[in-house]
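Each of the next two complexes has chain A plus one more chain, namely chain B in the first and chain C in the second.
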Partner chain A sequence: MSIAEQSVAQTGHVTEELPNFITLLNQWFPHSGLVHFFHYWENIVFSFLVLGLIAHRFIGAARQKSFLPKGRQNRCEMVVEGITGFVTGILGPKGIEHVPFLGTLFIYILIENFLGMIPFMKSPTSAWSTTIALALITTVYVQWVGIKEQGFFHYVKHMAGNPQGLLGLALVPIMLVINLSIEYLAVPLSLSLRLFANVSSEDKLLYKFAELTGMYWGAPFPFQIFANVLVMIFSLVQAFVFLLLATVYISLIMPHDEEHSDPQCGASSAAH
Partner chain B sequence: MEFFQENIHLKEVFIQLVAFLIVFLTLKKFAWKPLLAIMKERRDKFEHEWTHIEKIKKDVAALQKDYQTHLQKIEEEARIKMQEAIQEGRRIAREIQEKARADSQASFEKAKETIGIEVEKARIELRREIAKLSLQVAEKVISEKMDGAFHEKKALELIDELEKKL
Partner chain C sequence: MDSHVALGFALPIGLAITAFGSALGLGKAVAAAMDATGRQPEASQKILVNMMAGCALIEALTLYVLIFGFVLMGKI
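So, the complex of A and B:
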């Protein structure tokens, strides 16, 4: 059983985390329809907050269009430069066209992860619904890149395990089932579960330390500080892992010149 | 299955999907493209400037080399001309020395000749004086009748007079 499953089994719900302002509002105004609505959609509300923040900061920075960047534009360009360097380091110069998607994904996940550390806020990525949405988008994007780059026929051939000879043709249905299961089921499942489990457990960790600090009159507070630092590091790592895996999936689905003779072609499927 | 049902809310997933897609497409159009474009423009400009600087540096290096060669050539020419001037100066000095030596020799010869002439003239003049004195002595001897002591006295006077004149 995963951590999330244990949590579900023990508590019956997954919201064992620090209260956010919506839950507080819900406690203070239990009969308000609007508050109840926000409480019901609290993950969406916090996601929208993050999306709004990112859109505001980045569009504002991009509007400056100054040749000599300063302030917000400088900071945004620093982030864009870092992500571009990372993505093109793996995908090569052609990878620049995937920077907007991967960059948005990374920044979005990172800020959502960090949001849980701000008092009275919540990490939307501590909900599986959020992470599975992101994982599904990533999967669809990766497969779309595969079809676009390889062409539909080669894409299907790739999914069928590049069959050669009668045996290869005989194995096509099995290979199709395996590859499609991996690409469309295992990849989003692993991506979403990893992020969800890590972030929700981080939130639970913070909650537990806060609970302990309350119980023992502030004595475990240094440990809570330490837990905050850990959460900060893990949040960054999880966002980075998501970015890395998405980039690697794109890299694996893109056509390679040496694909026909490279034995790593099979290994790439195995890597999924 | 219960776990999935408990944690995955399809409506929420759908809204998250749509929201992310909208923000992704918006950011792609209004943030990523302009930012990447301006960064590319800046990079291209820097690369262009860098190439230009490299070209200028190469030109400067070529010019420097050219100037150095030119300078070396000028120095070589100057050195040769200096050597030639020194040689010419020495030659002129030698000529002047030789001329001065010849002039001094000629002057010396001329002076020697002039002295010889003057000595000869003085000798001739002396001879004339002696003759004149001899005549005067003879005139006195003849005009005056003098004794032996008197003649001797006169002769000595004449000799003293001659010695004084010489």
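So, the complex of A and C:
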């Protein structure tokens, strides 16, 4: 059975994408149990590849520990400082405790998106399973941060729309339904579908342009170059948008009572 | 009219209408970004970053419909 027939048998429609080394192994050794296992868990294999790459690079850089960074440590510190500056710009100086999670998310999604452009590799984010996992992790983290920062009672009050007076209390059921359905259903679905739709359609675009180039003996090759540039730009944009949205969701669920300390600071500085 | 005809008719038209709507929204966003850059050219990098974020969010709506299309395409 060819790859197309196999995918039709499995999913009911033809998945057209460029071959990666696992599908090639599956074609050369179709009866091996190990290769079949790797082909079934294709996305997990590539996710582990990305994990190993990131861990090797960044842990290797963190081991250098010199005060004046150079080389690998310098590059990694540049990346981390860029992300820290961006996240603390939105969340304030207290946002630095969320930088490990958000930074890892950004770098992981970015490298996974770019992996599809390397020949014989596939982006794991071109499958909905990877992106829904990432979106669910983000949702759970954001809600957990909300409960931890505000306490459970204030979190429920925030979900009920901070009711003030009789009209607020009357609207509590509607506000609860809207807020819970948005924060627990719409947020993971939109985060995951945005990333999945972008990366999988880039995959299909690369496949179509490769097919076109093959059909007309290499004449449409400039379109292939254009497609690759488009994929690079949009992969970067989608990873950045995921990071931005996660940061904004955290900032929306943080408590808003930081204006109380300012009059006291003003009074104490005026007293000097 | 059975489901094949209905899907075959509705999916491309739905995608076209969504693309039209999101093109209008993107045009407004980019026009606002151009205006802001014209007022203060030093801030053009920051404006570009914010515009990219807004454009990606608007683009996502069209892509949801595209995914719908791909999922339902098997049922035609």
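Following the convention adopted for this analysis, the second predicted complex is superposed on the first by the 242 of 272 C-alpha atoms of A that agree within 3 Å, B and C clash if a C-alpha of one lies under 4 Å from a C-alpha of the other, contacts with A are read in each partner's own complex, and residues count from 1 in each chain.
We adopt the following convention: a contact is a pair of C-beta atoms (placed from the backbone, for glycine too) under 8 Å apart; a residue touches a chain by one contact, two chains touch by 3 or more.
Everything numeric here is computed off the predicted structure, so don't read it as measured data.
> Should A:Ala61 be classified as contacting the first partner (chain B), the second (chain C), both, or neither?
A:Ala61: touches chain B, not chain C.
> Count the residues of chain A touched by chain B and by chain C, then name the partner with the higher count.
B
> Between chain B and chain C, whom does A:Val241 touch in the aligned arrangement: first, second, both, or neither?
second
> Mind working out whether A:Glu81 is in touch with chain B, chain C, both or neither, as first, second, both or neither?
A:Glu81 sits against chain B, while chain C stays out of touch.
> Just to be sure I read the superposition right, which of the two partners does A:Ser201 touch: chain B = first, chain C = second, or both, or neither?
A:Ser201: touches chain C, not chain B.
> Kindly classify A:His31 by the partners it touches after superposition: chain B alone (first), chain C alone (second), both, or neither?
Neither partner.
> On the A-aligned overlay, A:Lys70 touches which partner chain: chain B = first, chain C = second, or both, or neither?
Neither partner.
> Looking at the overlay, what does A:Ser190 touch: chain B (first), chain C (second), both, or neither?
second
> Using the superposition on chain A as set up above, list the residues of chain A that contact both chain B and chain C.
Touching chain B in the first complex and chain C in the second, residues 13, 196 of chain A appear in both lists.
> What residues on chain C touch chain A, complex-wise?
Those residues of chain C that touch chain A are 52-53, 55-57, 59-60, 63-64, 66-67, 70, 73-74.
> Per the contact definition, I'd like the list of chain B residues that touch chain A in the complex.
Interface residues on the chain B side: 3, 6-9, 12-17, 19-21, 23-24, 26-28, 30-36, 38-39, 41-42, 45.
> Show me the residue ranges of chain A that touch chain C in the complex, using the header's touch definition.
12-13, 190, 193-194, 196-198, 200-201, 237-238, 240-241, 244-245
> Of all residues in chain A, which touch chain B in the complex?
For chain A paired with chain B, touching residues are 4-5, 8, 13-14, 41, 43-44, 47-48, 51, 54-55, 58-59, 61-63, 65-67, 73, 76-77, 80-81, 84, 96, 99-101, 103-105, 108, 124, 127-130, 132-134, 136-137, 196.
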